[in-house]
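For reference, chains read A, B, C, D and E in written order, and residue numbers begin at 1 within each chain.
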Amino acid sequence: MQELVSRAKELLANGTVERVLGWKAGDLPYNPEPAYFYVEEDFDNFVYNGFCGANLSKYMIEASKMEGKTLVFLKPCDTYSFNQLIKEHRVDREKAYIIGVGCKGKLDIEKAKKAGIKGIESVAGADMSDACDTLTFQTIYGEKTCAYADVMLERCHVCKGKEHVISDEVIGESNDTKDAERFAEVEKIEAMSPEEKFAFFQKELSKCIRCNACRNVCPACSCRKCVFDSTKFDSAQKANVDSFEEKMFHVIRAFHVAGRCTDCGECSRVCPQGIPLHLFNRKFIKDINEFYGEYQAGADTDSRGPLTNFTFDDVEPSIVTERG
Amino acid sequence: MYKIAKENLSALFQAIAGEQELYLPVNNNGQVNFAAWTEGADVDLDTLKSVKSPKDAFFPQSENLYTVKTEDKKLKVEPEALKDQDFVVFGMKACDVKGIEVLDKVFLVDPVDTFYAARRKHGTIVVMACHEPEETCFCKVFGIDCADPVADVATWMIDGELYWKALTEKGEALTAKVAGLLTDADETKVEEEKKAIRAIVEKLPYSDLSLEGWNGDVLLEKFNSPIWEKLYKPCLACGTCTFVCPTCQCYDIKDYNTGSGVQRYRCWDSCMYSDFTMMAHGNNRTSQMQRFRQRFMHKLVYFPANNDGMYSCVGCGRCVEKCPSALNIVKVVKAFEEQGGEN
Amino acid sequence: MQRIGVFVCHCGSNIAATVDVKKVAEMALLEPGVVHAEDYQYMCSEAGQARIQAAIKEKNLTGIVVCSCSPRMHENTFRSAAEKAGLNPYMVEIANIREHCSWIHKDMEEATKKAVILARAAIAKVNLNAPLKPGESLVTKRALVIGGGIAGIQTAIDIADAGYEVDIVEKTPSIGGRMSQLDKTFPTLDCSACILTPKMVEAAAHEKITIYTYSEVEAVSGFVGDFTVDIRKKARYVDSDKCTGCGVCQEKCPSKKSLSEFNRGLNTRSAIYTPFAQAIPNVPVIDTDACIKMKTGKCGICEKVCQAGAIDYQQKDEIVTQKYGAIVVATGFDTIKLDNYDEYAYNQSKDVITSLELERVMNAAGPTKGHLERLSDGKHPKEIVFIQCVGSRCADNRGKSYCSKICCMYTAKHAMLIRDKYPDVNVTVFYIDVRTPGKNFDEFYRRAVEDYGVNYIKGQVGKVIPQPDGKLLVQGADLLDNKQILKEADMVVLATAIEPNPDVRKIATMLTASIDTNNFLTESHAKLRPVESPTAGVFLSGVCQGPKDIPETVAQAGAAAVKAIGLLAKDKLLTNPCTAKSDQLLCNGCSTCANVCPYGAISYEDIEVNDHGIRETRRVAVVNSALCQGCGACTVTCPSGAMDLQGFSNRQIIAEVDAICR
Amino acid sequence: MSIENNNEFRPKIVAFCCNWCSYAGADLAGSSRLAYPADVKIIRVPCSCRVNPMFILRAFEKGADGVILCGCHPGDCHYTTGNYYARRRMTLLFSMLDYIGVENGRTRVEWVSAAEGVKFSQTMNEFVEKIHSLGKNVRLGDLRCKN
Amino acid sequence: MSHVNKAKQIKEISGVNPLKCMKCGKCSASCPSYNEMDIKPHQFVSYVQNEDIESLVASKSLWKCLSCFACVERCPRDVKPGKLIDAARQLVVREKGQTYLSPDEVPELLDPETPQQLLVSAFRRYRR
């Protein structure tokens, strides 16, 4: 972390960048927030640890409008989002100085809390320098420990890899965290009967409160005005908890980002109701891979997305029925 | 003071639900929220905080106001019926109850919101003391005692037994209905529990948060502070904080085209949304900074200025837990405090 | 709120027999916005139209729905009727209650119910219609012809004769194209040069035609009626204005070892050269790869001998930018490379030649001065074998899948000419099929067989084996006699497949004209619009569209010219108003829409916006309504819903959906 | 009307037809008097690529029991490439609907040329039959739209 | 097995679609064993197309083909008569069941007249 700070200070001092976009320590041991750093003193609060799950790529849309360059710290998976945003002309590569940061898997404090850890006063083992694979919590109710991997975000278990697909330089080591198959959950659902599938999604989606956190955090959902907020399309919907969220909202949203979603997992991370929203996006990704060849959104900045492309002998929609 | 063994609670719930609707914390796919009790529901009284506050029992996220139907070329308006059945909300916490008090200030003053008023009239609240408060709690800051909560019925869960104490007429009435399931108890254990809870509250990291200087007198000073410009930056403009909040009361009114008519409904709105208070001329808050500022100014300045110093925050800490960008009201207060110290 | 009139047509009994038209009108009156509804015997009749017009005026209608036959039938009728009554024609919607209702249902109740719903959907749509005005764009009265072969020349002359300015851009130093390389032409055997040269001269002399030879199209922007084209005039190093075409420079040039492109590499030319004697313009160019002065700085002989002082070693490429209303592509063809056909020994023996090479051999101005001789030893051949379909009709990737169309006829021509001039030479043609559709074509082929004794053998050649004595052993099959044939030949002529000029791909990309897998330009409709590219304002002339012979090429050149003239004759173009439109406040500038636009109609601009008080510069999509054809691909691909299609807007379609599902 | 009175299930079916091929194919079916059930209502769009997946979801939300999209055969698109994009969009959408538990016969894409009146009619007959076998769309309809 | 099935099998084994043939005869023109054959290479295609497998299997040509693959190489239509012959041979071999030669028996059976190319070809063909 010190290396990140000193490099950032250096780049600020020599005028390469005007500001630094990173994470600032929170008021609890596990809630750092995305923040800008402008001068040397700002870095007193700088932090980069296992709780820095936020994907800073989306913030670069706004940062691209500012004067001068912004130094941004991107984790390997964040770089895919950044690339995709370049492709969609939503960020300006020239306005970004990208330092790829190492990643050892990011943490989901909810998982610890679900495991009964409450009243947390401090956490040990979440720093990048910590080599241990255990997290130790000091709580009001005593010391608690749990395995690092058990508190990891879902997305880290199916990590795309620790390569930075775009960066100006890379600092820090990464650990391979992949220990599950990316499409295993999707396949499980695919194998269900229509009734089971429907029940599964109804149960999950009935929790939705339409807070729009999934949409607003999503780097692919970068529309200036979302169709769900726009009166123009006759599609504006707001917090109709009955039907719309359960049936349409998430499907439409997933379709809107299909072929552009890098599977960064932010939607699932931020959902206050713990809905596994990635299951929608990943279904599209799986289908795209199977029907049109392997495609990873954000792997590059110039290829055509699968939905703005075609081949003469693409599969027919009837494949959905035929494959049973 | 009565008590009932934990294992008999389902009988208690069944008894209550036999006569009226019962809302209580239910675990659905890993998330605990208040929901109507049904046979076999996974009731969860151990989780301290439901994801959403239980305010929907009185102020649902979405409710119909009236339906307009077309009959040939004429329109027929069918108003939605007001709540006319009694119901019980079981397992609210002291902060949640305080949240309802905040809502009362909005909806029960003239002009009275009839939908809300009807629900308040028919609802009986059973509150539970917080056995193990968490690091995100700061109800103490607002003078709430989560060890000794006040509602129609107050309860404590101690060593596998629920202690039960009716505090109001409604509470007495409910107690009478389920008296057969309750046994008499003395208050010793409850007093001990209260002490234990209060001791923990003292240790909570946010308990010493100071709201000094947050009142209507400093409106412009706070409003014009340059701190907002820094604070709002990570905000994603989602509505999570407002939708989990027990006191946020803003709503939007919308129409839904059912094909054969229009349903007019209201639903929670969020001041964080870009289309919040959108009017014909446009929007009076055009930047996210302004919208972000609005939320906290409302909770900590405008509301107390209009309501005898009552803040429209109850320190439940849900926003602290749920904000995707780890922003929250505590960070806002602290940021001003730090700034104040420097100046 | 619209004031909508609904007009239900009986169509005699076509509709009225199965649909209760009165009921449809009655039900329509209950729909929002409808202030008038009536039914009538024949809405499309004069009287019916008059009723519509009367209602528009009396009831002050802002939109109308006609419940009648398919819009493909009478939409235009009703639109112009409405327009005459002062209503915008795009405020008319048709509910198709004949083809889609009365004609397919028998039960009156059921058909009536459906007609009511179809009317309701049309009413819902028209409620959201907005008056549309066809856009107008000015037409630049000048045409560009890319390619200066017979196709390009003919097109240019025809357009120029109609009084419009035409520019021809030709890549090589002279116009004339493939036809200038031919010796004689079938089926009349007249000399190619004799009929082509006058055309070339006519084009060059035409006051309306400007010829850019040794030039290439570098960039194209704009759209139908208003293209802007950059033409690169490559440096000739000879001042065209001064040069008298005396040819002394070519005679004196010491560098004479470059292969002659015009003679298909069968002989050589000087470094400063005109491709052939009748070249137009008769101004040489310097081949910088061969020129000693250019390579070493020493020499300069041409400059010294040039009386006119036309040599200019300092000349630079020049870019000419010109505006055009129409563009005709006439880029022609070449023969395919034979590297994949080792079995025919083309690369092994000089005596195995392509038919185009034979043209040069037979030509009096060719490498052998028109004498038929073996290129290896100059000897007079006694036995010549022609092999058909070399690289044509090929299913694998060695050749082309299509029939090159011209080979059967020119082979008959070659065989006949040889037998005519040299009766001692035996000519054998190995063929798969002889294809001679065309006026006097089969007669021509029969003459070769019957009058000239050309030996046609049904069967293909498997291998040509050069022999040590210089002969060529041809191993073929005679499928009719079921024999394998071994034949010693002195020369073998390959009817090599033709392919579009390889440069056409680059040009098609610049024009956003579509191209097929064989690099032929695609026509707008295979039967009904064969000389128009799907890209408006781009026309196709000659082999660039598909294999064809000279008469067909000239015919198509004329057709393309007429299409271009038809366009240039207009002062303004009316554009289909049902085009896509981008809402600049919603647009993200993400470029997704441009990716799917088949017409290149979407571009991006940085504009200043005031989005509810936020002022900023944004990259937004701009649709060129002159190019947009209104397919709507962009509207669906647009993530923000900024892109919408006028006349088929999101809200309109959703309103129809809602009305049907209600 | 009596159709509503007897309790027979009459599905609501929306058919999107491209203007150049399929709408003309439907016209041909009409002029050839090739019957198909009145449950099918056609919406004319310029090209199959104009059909936004949202339109299909919207139809289901508002109570449609089946949605079919007809366009020019691949390679024959009036706008050269529109139906290729439509094909990809619909494939993915249908797969997603299948994934969330919507019966997968409720949606269909069929390429119908202007000359294929017979095919249009046959397709519609088949499709209506399929929807009959699936019954009312209960999974995607919005509860508020129940009349 | 009916002749229809046999024809089908030959098509399957060879992967050849005889309908693609345009009857140009380049195969026969290329064949070094042409004169030895009673059914000529280009005719193989029509025999298969006409499902006259009996004659094909009984023909000398089957054993005169050198598997030099000249026809396969040069066929412009991707029909590859050589593969049809190969397939017909396999059909014969399969009908014999499991009574294959053992390697030891081969030298005895070798006809000194057998072209070396055939042996090389066979090795090439059967090495997998």
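In the analysis below, a residue touches a chain if its C-beta (ideal position, glycine included) is under 8 Å from a C-beta of that chain, and two chains touch if they have at least 3 such contacts.
Worth saying up front: this structure is predicted, and the values here are computed from it rather than measured.
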item: Interchain contact steps from chain D to chain E (minimum; 1 if touching); value: 2
item: Co-neighbours of chain E and chain A - touch as defined; value: C
item: Relative to chain A, chain with the most remote C-alpha centre; value: E
item: Farthest-lying chain, centroid of Cα atoms versus that of chain B; value: E
item: Intercentroid distance (Cα basis), chain C paired with chain B, Å; value: 70
item: Chain centre separation in whole Å, for chain E relative to chain C (CA means); value: 46
item: Chain centre separation (chain A, chain B; CA means) in Å; value: 30
item: Junction residues of chain A - those touching two or more other chains; value: 225, 227, 235, 242, 307-309
item: Residue list for chain C, restricted to those that touch at least two other chains; value: 596, 637, 650, 654, 658, 661-662
item: Pairs of chains satisfying the touch condition; value: A-B, A-C, A-D, B-C, B-D, C-D, C-E
item: Residues of chain E defined as touching chain C within the complex; value: 20, 22-31, 34-35, 40, 42-43, 70-71, 74-79
item: Residues of chain C defined as touching chain A within the complex; value: 583, 585-592, 595-596, 604, 611, 616, 619, 637, 639-641, 650-651, 654-655
item: Touching residues (chain side chain C, partner chain E) in the complex; value: 343, 389, 393-396, 398-399, 430, 432-433, 458-463, 475-479, 482, 484-485
item: Partner chain B, residues of chain C touching it in the complex; value: 29-30, 612-614, 658, 661-662
item: Touch list for chain D against partner chain B, complex; value: 62-63, 142, 144-145, 147
